[in-house]
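Heads up, the next two complexes both have subunit A, just with different partners, subunit B and then subunit C.
Coming up: the complex of A and B.
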């Protein structure tokens, strides 16, 4: 498994030097950005069992922080780093507050509350026109280093791999184990003496900050930001990607992001042939419902269960023989 | 004075529309422990299908009936095929109903196109009355009346009929009702159907009221309905009507005096209620 990942990563790293295609580069960059976002969502949904419908707010905070810093000040690397820092502080703070609420609110209420909180951010972005230019959004210049698409592609790839490794380490750490225990049975974890709230806040902050970083990269890739970064659609994207790819696997989030971004690209092109492809999201909606119903572990989870079963089968037969 | 009466009527009418959506949500939640994130989709479906029938037949009444029937049908389908397979699993329920919301609103765009559709009330509900210098728009009064009729009807159904008795008992203790030999699954389906029908009715009434309908309106109103359900108390039918009127009135007055904050105030109200008094402002379940 690790070997495959390494080969794929090396391939992606070399790709811009051997194959010149601006469109593909931009598309892959988009995949990386959404992979980061989906992985951060997976930490909540797949590992801790928290359903949030407001993940877009962290994404949007990241995107707007970067946009506003780049617009107001000179687009230099220092300002870029300042914007990153601001994003981390802001998303960390907001996700800490939101995480605090998970203590009192169980599944339904939390989903509803996050949904309306992110709606609040959307309203804020629309109304605070002096800062955000409202619905129309604004364009901005980016640091020279990122003007080159290849550089930016590499940056996103590196960040994605780093986030993957960090989250892998994070979820396999003792802390991550407790998170998974919370997902399986919150009361039992609590009665074992764990301060469930602390762990949930840790997951929430980690996830929020990473989503903010995804937002930063998204804003730079477009060099434009408007209120759509706070929209429900962004949260829905993360949901579709993690669920279809496979919850609680991290790699599933990346695969899901790749699938959806590529499908989006191709299906929008097909829209010239038949208008139904313009509504491509409906196919994913239906697939999503079927996955939730029949394969709750998504593509990656289902595949790994299958291969695990295959490995187990000969052993079972042998046992049967012995028993017979 | 003129202004205040108009704002109040406006708020009441909006409140009644939200009530139609929230009532189903709260009943379904109280009985089945399912928070239906697709409820806004049913609302939008009611609007589109009802107005389409209205434009085809020319009769608003037939349009309303069509919308309610669409709601019933979608409610039955949703309950049977989407929600039943995941009963008891909260995370799956939340995820699947949100997915359904996505599919429902995309389907609207597939069938009726992605653009806004305009709607206007039938001739006999157009225009306004003048009472002592105050201009009262007929259609608003019509919505308020319909809202009260539906409230009274559901209240009658809950309090005076056998099925209502079963529903109320089911809200208190599902297992006991089942143990007494009542097919609770049927009751679930019935309540879901009624809830979906009310949502669809709300949708079709909204069309001529706001003048345009679009596929995104389901989610907009669903958020308001969630706010109402939380403020009124989950599963509390009477609480939902009071909360809906409260949210409608506050929305209409705030929209006039401090337009930038109207939605924000309602959301903050919900957040505060959730944190301080999760059982809702209007007392315990029942």
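Coming up: the complex of A and C.
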């Protein structure tokens, strides 16, 4: 498994030097950005068992922070770093507050709350015209370093790998193991002597900040930002990616992001052939239903159960013999 | 007599129904106390009060002379009161070893470490294995908890509880819903714990004939009230107890 990941990573790293297709690079950059976003969502959904419908708010905060900083000040690296810092502080603060609310609100109540909170941010972005230029959004210039698509592609790749490694370590740390215990049985975790709320806040902040970083990269890749970054669609994309890829696996989020982005791309291209493909969202809906019905554990989850079963089978058979 | 756990006039009322009615007990250290009583007598509710799942409407709970009535379940566990549940309550999609490892981790006070890999704490796994061995479950360490048989799950529960190394063990019907063949194994585990001699155990049990020889004292709850509290022999002889609860049992 690790070998495959390394080979793919090396391949992606070398790709821009051997194959010069601007379109593919841009598409892959998009995949990386959404991988980061989907992984941050997976930390909540797959590891801690928190269902949030408002994850787009962190994404949007990141995108708007970057956009506004780049528009208001000179597009230099210093300003870029300042924007990153602002994003981390803002998303950290908001996700801390949201995490606090998990104390009182469980499952779907929490989901509704996050939905309405992100709606609030959407309205804010629409109405605060002096800052955000409302619904139309605005374009901005980016630091020189990122104008080159290859550079930016590499940056996104590196950030994605870093986020993957950080989250891998995070979820395998003693704290991360407690998160999974919370997902399994919150009450029992409590009676083992863990302060469940602290862990939920930790997961929420971690996930929020990483989603903000994904938002930053998204804004830079488009050099444009409008209110769509706060839209429900963004959260739904993350949900779709993690579920198709396999919740609680991290790598599943990356695979899911790749699949969705590529499928999106190809389906829109097919629109020339038949008008139905312009409504590609219909297909996503169908895929989504099929996955939830037949592969509730997603691609990675299903694959790993299969290989696990193969390993276990001889042992199970032996037991059956004894029982028989 | 120095008591480890003491309750005074402990009561809880749900609407108009008083589930636990002015129960005052005191349990000395290293004591094995059993709670018996018919269904609905308030045994589990009494446990919930002790472990903090419920807050009493009246009365106080003292642990080592300290008032813990307002403590949350988490804080009570940290203070030294661990409990098992009547309904099996484990982490279903984690392995058996991981279930116990989490408890060991909590006991070791490693709660917010997020930089190192959990395998760095190898001792946790070794300790968890020891606990599994004590409850005769070490051969199942790799399977998911949800794949265990009912009796095994109960053993796992007990292992998790033991791993917390709390002074007090509250065992809520450890043999509930178990087939008769499985019961001796659990009793064996409880006996082993008792033989270690460093825990205070409070046990709820229906099958009272099994626990009489284990218990130092037995208390009888009936309709939320403390009917009697004494050595197993005293309880067997006690007439009120016999008529209220044991009557049917002795006729057999």
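Heads up, the rule we're going with is that the second predicted complex is superposed on the first by the 311 of 324 C-alpha atoms of A that agree within 3 Å, B and C clash if a C-alpha of one lies under 4 Å from a C-alpha of the other, contacts with A are read in each partner's own complex, and residues count from 1 in each chain.
The rule is short, and it goes like this: contacts are C-beta pairs under 8 Å (C-beta built on N, C-alpha and C of every residue); 3 or more make two chains touch, one makes a residue touch a chain.
On a predicted model such as this, the values are computed, not experimentally measured, just so you know.
With both structures placed on the common chain, the touch criterion links A:195 to subunit C but leaves subunit B unconnected.
Touch criterion met: A:276 reaches subunit B, while subunit C stays clear of it.
Contact with subunit C, but none with subunit B, is seen for A:184 once the two complexes are overlaid on the shared chain.
Once the two complexes are laid over each other on the shared chain, residue contacts for A:172 go to subunit C alone; subunit B is not touched.
With both structures placed on the common chain, the touch criterion links A:51 to subunit B but leaves subunit C unconnected. In the overlay built on the shared chain, the residue A:293 is in contact with subunit B alone; subunit C does not reach it. In the superposition on the C-alpha atoms of chain A, no part of subunit A is touched by subunit B in one complex and by subunit C in the other. Residues 49, 51, 53, 101, 104-109, 111-113, 115-117, 119-120, 123-124, 127, 232, 236, 239, 243, 276, 278-279, 281-282, 285-286, 288-289, 292-293, 296 of subunit A are the ones touching subunit B in the complex. In the complex of the two chains, the subunit B residues touching subunit A come out as 29, 35, 37, 82, 85-86, 90-92, 94-96, 98-100, 102-103, 106-107, 109-110, 114, 219, 223, 226-227, 230, 234, 260, 263-264, 267-268, 270-271, 274-275, 278. Across the complex, subunit A is touched by residues 51, 73-74, 77-78, 82-83, 89-94, 98, 101-103, 105-107, 110-119, 121, 160, 164 of subunit C.
Interface residues of subunit A facing subunit C in the complex, by the touch rule stated above, are 169-170, 172-178, 180-181, 184-185, 187-196, 198, 202.
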